[in-house]
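Input: structures, listed below.
In what follows, chain A forms one complex with chain B and a second complex with chain C.
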Partner chain A sequence: MGSAKTKKRAANAAIYALLIIICILWLIPFVLILLQSLRAEPYSGMSGYILPRIWGLKNYVYLFRETSFPVWYGNTLIIALASALLQTAMVMLTGYGLSRLRFKGRRFLMNAVLVLGMFPGFLTMIILYYVLKSAGMTQSGAVPGLILVYVASSGMGYYVAKGFLDTIPRSLDEAARVDGATKAQIFWRVTMPLSKPIIIYTLLTAFMAPFTDYIFASYIAFGEPSGYNVAVGLYSWLQKDMISSHFTAFCAGGVCVAVPVTLLFLLLQKYYVEGVTGGAVKG
Partner chain B sequence: MATVKLTNVTKTFDKNITVVKDFSLEVGDREFVVFVGPSGCGKSTTLRMIAGLEDISSGTIEIDGQVVNDLEPRDRDIAMVFQNYALYPHLTVFENMAFSLRLRKLPHEEVYRRVTEAAAVLGITEYLTRKPKALSGGQRQRVAIGRAMVRDSKVFLMDEPLSNLDAKLRNQMRAEIILLRKRINSTFIYVTHDQTEAMTLGDRIVIMRDGYIQQVGTPEEVFERPKNLFVAGFIGAPQMNFIRCPLKKEGDRYFVVPFGAKMEVGQRKAEILAQKGVQSRSVILGVRPEHITAVEGERPYAFRARIEVNEMMGSEFHLHTVTSDGTDVVVRIPTLALSQEERHLFDAGSEIAVTFGGQAMHVFDDVTEENLCV
Partner chain C sequence: MKNQSTSNSLEYLKYSAPRRFFHKFYLFLRAIPKGLLELLLAIGGFFRGIALYFVRETRDVIDTYKNGDKITRTSFFIMGFSSLARGQILRGILFLAFQIVFILYTALWGWRWIAKLSFRGLETTKVVPGNPIVIGGVEYSENVTVYGDNNLQIMIYGVLSLLFVLCFLYTWRVNVRQSKLSQELLAQGKRPKRAKDDLRAALDSQFHKTVLALPTLGILFFTVIPIIIMVMVAFTNYDANHTPPSNLFHWVGLDNFNQIFTWTSEGGSRAFSATFGEILTWTLIWAFFATFSNYFLGMLVAMMINKKGIRLKKLWRTILVLTIAVPQFISLLYVSKLFADEGLINRFLLEAGWIKQAIPFWTDATLARVMVILVNIWVGIPYQMLITTGVLMNIPADLYESARIDGARPFQQYVKITLPYMLFVTGPYLLTNFIGNMNNFNVIYLLTGGAPYTQPYAGAGKTDLLITWLYRLTVTNNDYKRAAVIGIMVFLVVAVISLIVYNLMPSIKSEEEFQ
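Coming up: the complex of A and B.
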């Protein structure tokens, strides 16, 4: 018996050792970026050392005082917040409709969405650009354009939401109907309060994608800095002629991008997990 | 005043599966009607059609003389209790019960008064601030009933409200429903698959099978004068015994001859058989386990049966016996008057002679399965 216990302990120790190594590997890039962003020496290109020789917030001050970073950051926040709200509305409404209503073509619609969803979104890039350009939503008008791109087809990502809504018993809808509620009242007073985890999950994922998107954002801004988001803007500093003067500022920008997302996840991770595991809410 | 009238109501799913067929019934004001039948007989569907949760394929449903076929549930003035309670998990007990009142925008004092009154009647006052998750099954069911009570509806619909409770709680809640029914002046329609609930609760019982009504009657009627073999078998526990045997007419008298024993059919039943002009033929004889008695020695009016299993139920034995031709016959023997030695006569493996009185017999047509004595 004693040996079984020791064996188990040894196995656990091995597993934890492995997990710790993975954690360190995982965290190294973040730590390095943080350290680089705190370098305050005059040379702000890439360096061959890890710990800053002079510590300071010089890069952050520079970032917000002398570059377009605040504009990009603002663009990104507007795009991400707007997309998150609109996308969540679209996803919840689509999920609710497909979960609760029975109409002709429902099956076909769900299959069609599944098949369409298999094509990578980038296939539509060129045509999207022309459509948006004709509406004046490229380059300096990239912010509304990007919001439109992120929100337009977001209803197609209804699966997780529908799966969650399917677990809310239909008898609750029926009880509410007998109690005198209209369809809208059932949605707002019964379904939505019970869907908190999935709403937060959808908000988070819908916030994340635009917040870190590069491909669409760079394509639609098309070289016009006022239409950049942070990813595109910061990446422009990694070009050959910029990197030697902007590398530490780039790192500071990276930290600024990571902070809100990290905070959001820390605050909402409970709901996030509940949202993914779906059926966790039961009467 | 609240009557419910169903006329030729039919429900068809997916164009070809008919679950309720030509259902016609009038439920009187303040009557308590129970729909009973095995699962899949259409009883719940019928109730849901009355509630407005299912469309009606054909026929009409009237509540208080008004055709409600196309009315939404909220316009029918009905309250309903669901099998799985269907309480709103995010609301407290108070808010669950107040939900319908708030939707109707009743003044706060009125909502408070009605909810606290109903809670007091149901004994759930102390749980009003809790969420349903923190309640036991019985308490949840009370809340569900309370939620329906506060509405003062014309018609009270209950869909197997007790089937999720354990046996003890079920008995207790059954008694409470009887009391509740005396307190509120509604018309009740109650669905169950449990014949005991049907017998104890209903003013009238509607027995259903495969979408058709088999019989409508008071508990007494369906127990004593079942219209056919199905009703006879469904009502009463343990189930009625069915024995294929000849029926013999001798002058004005009728005899059944199960396993060679000759027993006379009771006078009232014989008169009905004579009126119908029934001649000697083969029939299915029905007799309830509690009407069978054991007799000593060989008698011409008794047949022998071997005891396979003896279930001691406390106040009585349930004997599962097999007759000479392999027919199963269940016999209930009260134990109170039996001495210890006598009890051993009913040990598994022993043989007994059994008989029953003429009034206890039910005689069914062996082809149509209709009761020939009603």
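Coming up: the complex of A and C.
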């Protein structure tokens, strides 16, 4: 009995050790970014040491005083807010229509979206660029253009929302139906109030996506810094001719982007976890 | 037939674990021809369905005309006439207005765009001398650019015009059907629907149309039509040398596809096909390792955190989830620079005197490939941990209880209970994850950008996936025709894999059924 207990304790100790190592490995890059961003030395390229030789907020001051970073940040925030709201509306409408309404052509629509999803997402980049350019929504007008691109096809990402809506008992709809409610009333008064977790999940993921998007953002805002989002802007600082003077500024910018997004994420973590696990289990 | 399958699955249960794996792999390979056959049959069935639909509709239109009264027959030519004459004012006005708009548009512009789709006899953009201006006795002549046709514009407007024609035909068909319907209703002494009824229906019996109209239109204009145009581009010679409006491109048939599959060395096409083969292979290898390394390691981490007796579960989980929250472009770009030749790790090791030369993390092809898979594990484990945790919690505890009573060791419990249950529940997720990894742009592009660029075809790199190659062909090389071909190939590969796996899945399921 005693040996079994020691064995178990040893196993647990090993697991604790592994978990601690894993956590350190996973956190190290972020600690390094933070430390690099606090380097206040005259040389602001990549370094071979971990702790700053001179500590200071020089990079942050530089970031907000002398670069376009505030503009990029503003662009990203506008895009993120607008596309979070509009995308959520699109996704909920699609998810609701395909989950809780039965009509001719429903299967066809779902299969069509499935097949369309098999094309690589930015195959159509040049076409969209051409169309947006003729509408004046590229380069310095990239913000509305990007919102349009993000929102227009967002109905295709209805799967997680549908998976959630499928789990709401149909008897609720039928009860409301008996009471004389129209389908629109059921949508607003029965289903939507019950869908709070999935609405928050969709809002959160849609809000975070523009912070990471590099592909479309760089193509649509091509060569015009006033139309960049943070990803494109900061990426440009790591190119050969910029990196030796902007590496620490990149790190500072990274911290400025990551901190608010991470806080928001941790605050709504519960909903995110529910959405991710639910979506995976239903496939 | 049924008996046979039962005996097969009993046989299967007797296999050892590695043999089961090979058995499953064998089933997978065996399913490939069947999957392809079913794909062809499905495509055939699709076209047969369309043909039948047209036959049925045509017959109904002819019947409607034969049995129709004067009003119904008139609305064959003047859309909405029946609606207007039978009290459906709003519908009638909309039908009529649509017809007028359609005729005007097609007559004035539409037919010209459609005709130009052949790309024959287009005007090129020219620079001609403008009117001479005399300033202070000296004659200046400024050159003026006269813009001609633009292929891309023609494609967009041409496809839109064709779509408009289809849309008109469909509306005309609806108009005919409604004429028939209201004629029948009136004959029965009932009243056809008015505008008020239509509005009520939009919120009730037809609510699906209201809800799905906007998303469907968005998908149509921003996904379907662009994809159609890009598929068309794959059959043209649209590249850096043929960029409208200064240089027009034209149709070349299957030339671009031939370049991928032929091994003749004409105009560097051999380099292209060789590169395509290599990148496709690497894409599949990458997707395999990226998916399964994350899957099993993520499961391991989740099981460690969830093990009975381990404390601070929430803390471990939060730390890992934290790394999902940080936007990928920050973490991945930083990690990429961390391992660069001039990066922190190499410099640190050099300054400490532990190595003589920088370790070529991103410049050696093999090392770079291993590195992207390792970093992808770093990126992916938190997601996988979350998903696995959700599934693990759902495994009935009494399964483990009875296994323990039977004397099963933890590893046996894992192989006999946890793993089959996980595979059973997350089967479809594994498939989407595999496909997602095939198209995993961010990890590759932000880490290596595809480098080292040592593929035979210029500009392609050893860590490039098809998707990152497509991106760079578009952005850097302006090689749109090849980008379009690669896009279509990605689609085909994804479609075939999905079909095979979906067809295979029921068999996996029946083998791993849980009671």
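Going forward, the second predicted complex is superposed on the first by the 274 of 283 C-alpha atoms of A that agree within 3 Å, B and C clash if a C-alpha of one lies under 4 Å from a C-alpha of the other, contacts with A are read in each partner's own complex, and residues count from 1 in each chain.
As a convention for this text, contacts are C-beta pairs under 8 Å (C-beta built on N, C-alpha and C of every residue); 3 or more make two chains touch, one makes a residue touch a chain.
This one's a predicted model, so the numbers in the text were calculated from it and none came from an experiment.
Return first, second, both or neither, reflecting whether A:169 touches chain B, chain C, both chains, or no partner chain.
first
A:97 in the overlay: touching chain B, chain C, both, or neither? Say first, second, both or neither.
It touches chain C, and chain B stays clear.
Give one of first, second, both or neither to describe whether A:4 is in contact with chain B, with chain C, with both, or with none.
Neither partner.
After superposition on the shared chain, which partner residues are touched by A:194: those of chain B (first), chain C (second), both, or neither?
After superposition on chain A, A:194 lies in contact with chain B alone.
Is it chain B or chain C that touches the larger share of residues in chain A?
C
Tell me which partner A:178 touches in the superposition: chain B (first), chain C (second), both or neither.
Touch status of A:178: first partner only.
In the overlaid three-chain picture, which partner chain does A:51 touch, first (chain B) or second (chain C), both, or neither?
neither
With the touch criterion stated at the top, can you tell me which chain A residues are shared between the chain B interface and the chain C interface?
On chain A, the residues that contact chain B in one structure and chain C in the other are 182, 185, 281-283.
Which part of chain A faces chain C closely enough to touch in the complex?
The contact residues of chain A facing chain C are 8, 12, 15-16, 18-19, 22-23, 25-27, 29-30, 32-33, 46-50, 90, 93-94, 96-98, 101, 103, 106, 109, 113, 115-116, 118-128, 130-131, 148-149, 151-156, 158, 182-185, 187, 208, 211-212, 214-215, 218-219, 230-231, 234-235, 238, 243, 247, 250-251, 254, 257-258, 261-262, 264-266, 269, 272-273, 276-278, 280-283.
Which residues of chain C touch chain A in their complex?
152-153, 156, 200, 203-205, 207-208, 210-212, 214-216, 218-219, 221-227, 229-230, 301, 304-305, 307, 309-310, 316, 318-331, 333-335, 337-338, 340, 342-344, 347-348, 350-351, 378, 381-383, 386-387, 389-391, 394, 425-429, 431-432, 435, 439, 441-442, 445-446, 466-467, 470-471, 474-475, 480, 483-484, 487, 490-491, 494-495, 498
In the complex, go through chain B and note every residue touching chain A.
Counting only chain B, the residues touching chain A are 51-53, 72-74, 78-80, 82, 84-90, 99-100, 103-104, 132-133, 147, 151.
Quick check: in the complex, which residue numbers of chain A touch chain B?
Contacts found on chain A: 169, 171-172, 174-182, 185, 189-190, 193-194, 281-283.
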